[in-house]
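Both complexes below contain chain A, partnered by chain B and then by chain C.
On to the complex of A and B.
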């Protein structure tokens, strides 16, 4: 037994080295490539639909009768929020697991492919009713709006696909730990574990919502649905999903960016604590999306403000850590003065520039988030364009620009190709166009929202009512922003497929920064995922039992399905 | 240790502030499942410095951790009885007793005893709590009558489900503790 374990260790140690020297294995690369290809095709389609919406809201484009505004809005949301983000996250972390754990296990590869095709089939089932205008319920699919049942079956399959991927990741991590007793999980795999734990936790809620509430209702087996419970389950998932992509971006900030700028990682212990804190406190944050929902009592909302702001704490730790790393690296390169280190950062390198702008965007995005988790302020902005501006800042900048930055080394890495200086330059141009487009768009959306322009509404001037005419200049700016963004999308998608199939052959490094020398050893408790998961479950129970019991016991009669479009 | 003591003390004072105490006591489940555990945590944080300052006292009275954990269990179980909660809200003396007993007679002995217990002892305590929580959950959910004068039946039902979900989490932990062999990984 002992020998087999030690032999195993030797083999896997050898595999580790081979992996680092030769790059990713062809089979592992294919998995990540497939995920990234789907992600960026979704970006192209979703971006195109985004332009149509932007031009419609700007009052420049009247959509033809066969193409409904809400149909486009649903598809735009599903493509970018569900497909792009989830597929990128999985492609990136599977490449990371393969790189840091010495390759994926054959059975994990099999599981990853089963998950991939389950998700694709699910996605096709979702798209068909959207194309038929039978599912224009937007990506939040709030009851009592009811889509064609096929839409929900598709969603359920996507969730099952996610569970396959999570199971695969856990199996690979457990295998590595068995062969590396007492060692800390490599940091990127640690992030991946956190992300997959959250994915399982989050999708469990939406699975209950879809399987036990919406599907029986949309098939007509039950007459009514408890709208409040459905919304609550949705946001336990929806909020966490958002934070999963954020955590994915954060993983690149902590692990990859320091290497790209030629520095070392911030404290390993703090990094792991941030991951654990985000995992434990995340799901309960979902309530702030319902902060102006009726039917939730005031003390509950008040307590949930704490749960939401608690998530801000690890984010502030992250902000500190990032700027500390930048400063430390700059000073080691002989930066002078208080701010001289800024000049030492590699501004011409798209792998740094794009994620840096993403981080910078998180400052206003986070501040806006705090505004929205405050009941009185949220009452002013909740159903307005402000919210749309907010999530275009958080997802469209903080998350997606990090993903873009990552793509400029990840795609060449998995394709055994290199990032050419020319492509880097194109990337920098793409980053600038995207930044300008998104800043114009998000700023105008926030402002129009403050003036009362509603979200989730097709273009209308409300009979040329004076107030609503005042939104027009801002909405025109949204159209301008959307146009610039589509240009950036086209460049980005071109860059990804060029780097995947046509760029010059060569080896690209998977950039993972080392820890500081002489750093104190991280306590082993960070590796006790079983305990953290139980703590997470207890926190969820604490947060959800009270409002859910109230919503179920004191429920109104419930609602029949409605087709509002 | 000193910083922990200060944090514990500040936390304790925070929990005593009338608006904080009134808010958490206004809802049955937050009274029992939020205020009370937080009082224990505040005591747990404050205890460290006393354990260091008076090691002989704790060694003499709680050498193997069993007396301490027994005291902890008695205090905690006492505070899950509906009547004690009711009295805490109606009688000032009982309210004061809650703020003394939970940090100092539950938080302190927990800190001293937990690390002295064997693994089996720790699991036994968790098993006792699991069984008790299922029982209390059943009591609060299926009791036809209003158990506390100060809380409505819906509050009681909510607390019952709070017990059940916590017990489920403890079961998940126990399954993890008994099925996963840490020596394979550590």
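On to the complex of A and C.
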């Protein structure tokens, strides 16, 4: 299988060929398998906690004193937004790097394992204080709420683990480029490079927050902390993190899905431009989490509307690209009329169905995102259930349903097994249940939020306000959605471990679509990652230097730590 | 690039610009910008610092009131405010401990209230009735009970 741009001369060494003939090497497969196993265990635990929350907020379940709502919510957020997404992303891209770059280098494998165990130890350190109710601070851990120091040490280790993984990816990519001078990086490795650049950029902010601000403060070495600076650094990370998971999903949309439906992928040049744009403009988007904060002037906030909305543009390019590919593929299969191509898509194939629904969900999800990052509109819904609905659409549908779809070929691929028709059918059922659950939940959350129901709040009626304000039926529906979702989670986790250990042996293809035959050559400019990183840093500096300097120079007296739970 | 893609991308860019223009017009011409007050306070000395040494409601003009309010786990001070219908109320807010949110359900009043910062937001209450004020930023074990009311008569 040809993996680089078709016009370029493909120079593949013996190792490349061997790798493609035999599939992924066992050592490389083990890395991806370990990451995916952790990811889906996190899904199971996080989904279970999600059900408890949903039932609590529906007013159906009173949680026992030893397991409070905020403890569960903190764990749910960390398991799903940090563990599931990060481990899946790494497992998927490391398999992709191994496949498209002709195997991982031995030292990269070593780095990947060091990173794996650093992250695992980090997570254990994070989970212990959460279980002991010493860290019910949510995954955003805004100071001056202070968790047990162990929680922050755990977070720091997770970040270090991510850096190992990023370093490993960069080493492998650099090695390939050295041996393939003048060639374009294979497209999936190109996406991986973007993702790991962003991961380093984003985690740098949270590392500064945790290492230099929170840890000395939680250990009592310094008395007070600058609340605004900590919060701003957090969101430079927090928003980028979720966009990284989204970029991972986008990589499958551009590279994998066209192959699954039997077509070619969208214009290579524009694909690379989308990746570069998402990398350059992403980190500055974090500011829209602070639209109604004090201490940030209106002109700065206005500038950041642009910084946030700009990220919408490459996503709108993606929306076009996807439907263009679907239409083109359908027409080549003799589709008739304006919409006949829709009938030519493989709806019964879970590897297509799940990511397709993920893409479709991004239409309302992206529209909601544009609404929310617009100052005055954000004020209406900030910190309400609307926001929770939004990220269940973006993460719970657009990202996770893509990951689910990917799992139905990636897990068999790394396990040298196959996706059976029976398992495919189960996957389709799982996709439908998940979709219904998420649609019910996301719609109800958006609506309740529009009526003012706050997020991150355990069951309360506020006297009889919850009924007079019209929240109750929607919150009950959230409970229904959460129940359906857990059913789908159980099926999905069963499917993953079945495909990993029990499915019939065989060879599964790593689906990477080719470019169009007659496509113009992509300019080499896209490969100048050094330039893109510098541009990214300039954009970040434009966005953050002014407000951060202001927050530091004109800081109020700091805040001591509080444990309020 | 195909013609239809150019049209799509032009529309996309136009939409983003339209959002920018409307947001900017509302913010700077109509003064509808989000709460962004820039005054500082020592979060450990809120009770001794004016105006928060005397939290409460004060009439400052015809149909115009100022509410000086502190937020702390898990209450607002003052609680249960009453104003006549048609009054404009200026809220001056700060936190005595962790980060809180100040939301009046059913209105566009929504502001983050941070320790060390004084936040301000204004609302005109035309419709008589009882309004729910709640904290919408997680602030601890009793976050769900942190609420009060504003009665408009």
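We adopt the following convention: the second predicted complex is superposed on the first by the 549 of 565 C-alpha atoms of A that agree within 3 Å, B and C clash if a C-alpha of one lies under 4 Å from a C-alpha of the other, contacts with A are read in each partner's own complex, and residues count from 1 in each chain.
The working rule: contacts are C-beta pairs under 8 Å (C-beta built on N, C-alpha and C of every residue); 3 or more make two chains touch, one makes a residue touch a chain.
This one's a predicted model, so the numbers in the text were calculated from it and none came from an experiment.
Trainee: With the two structures laid over each other on chain A, which partner does A:292 touch: chain B (first), chain C (second), both, or neither?
Mentor: Second partner only, chain C.
Trainee: Using the superposition on chain A described above, determine whether A:302 touches chain B (first), chain C (second), both, or neither.
Mentor: After superposition on chain A, A:302 lies in contact with both partners, chain B and chain C.
Trainee: Classify the contacts of A:264 with the two partner chains as first (chain B alone), second (chain C alone), both, or neither.
Mentor: It touches nothing on chain B or chain C.
Trainee: Counting residues of chain A in contact, which comes out ahead: chain B or chain C?
Mentor: With both complexes superposed on chain A, more residues of chain A are touched by C.
Trainee: Return first, second, both or neither, reflecting whether A:416 touches chain B, chain C, both chains, or no partner chain.
Mentor: neither
Trainee: Now for A:483: first (chain B), second (chain C), both, or neither, which partner does it touch?
Mentor: In the superposition, A:483 touches no partner, neither chain B nor chain C.
Trainee: First (chain B), second (chain C), both or neither: which does A:554 touch?
Mentor: A:554: touches chain B and chain C.
Trainee: Per the definitions at the top, what is the overlap between the chain A residues touching chain B and those touching chain C?
Mentor: Chain A residues touching both partners: 302, 554.
Trainee: Over in the complex, which chain A residues touch chain B? Could you list them?
Mentor: So the residues of chain A touching chain B come out as 174, 177-178, 181-182, 299, 302-303, 524, 527, 530-531, 533-534, 537-538, 541-542, 545-546, 548-550, 553-554.
Trainee: Please name which positions on chain B make contact with chain A in the complex.
Mentor: Residues in contact with chain A: 23, 26-27, 29-30, 33-34, 154, 157-158, 161-162, 165-166, 168-170, 172-173, 176-177, 180, 184-186.
Trainee: Quick one: in the complex, what on chain A touches chain C?
Mentor: Chain A reaches chain C through residues 68, 70, 136, 138, 142, 144-145, 226-228, 231, 267, 270, 290-298, 301-302, 305-306, 309-310, 312-313, 316-317, 320, 324, 370, 374-376, 378-380, 382-384, 451-452, 454-460, 462-463, 465, 469, 554-560, 562, 564-565.
Trainee: Tell me, which parts of chain C touch chain A in their complex?
Mentor: 1-2, 5, 8-9, 12-13, 15-16, 19-20, 22-24, 26-28, 32-45, 73, 97-99, 101, 103, 105-106, 108, 110-120, 132, 134-141, 143-145, 147
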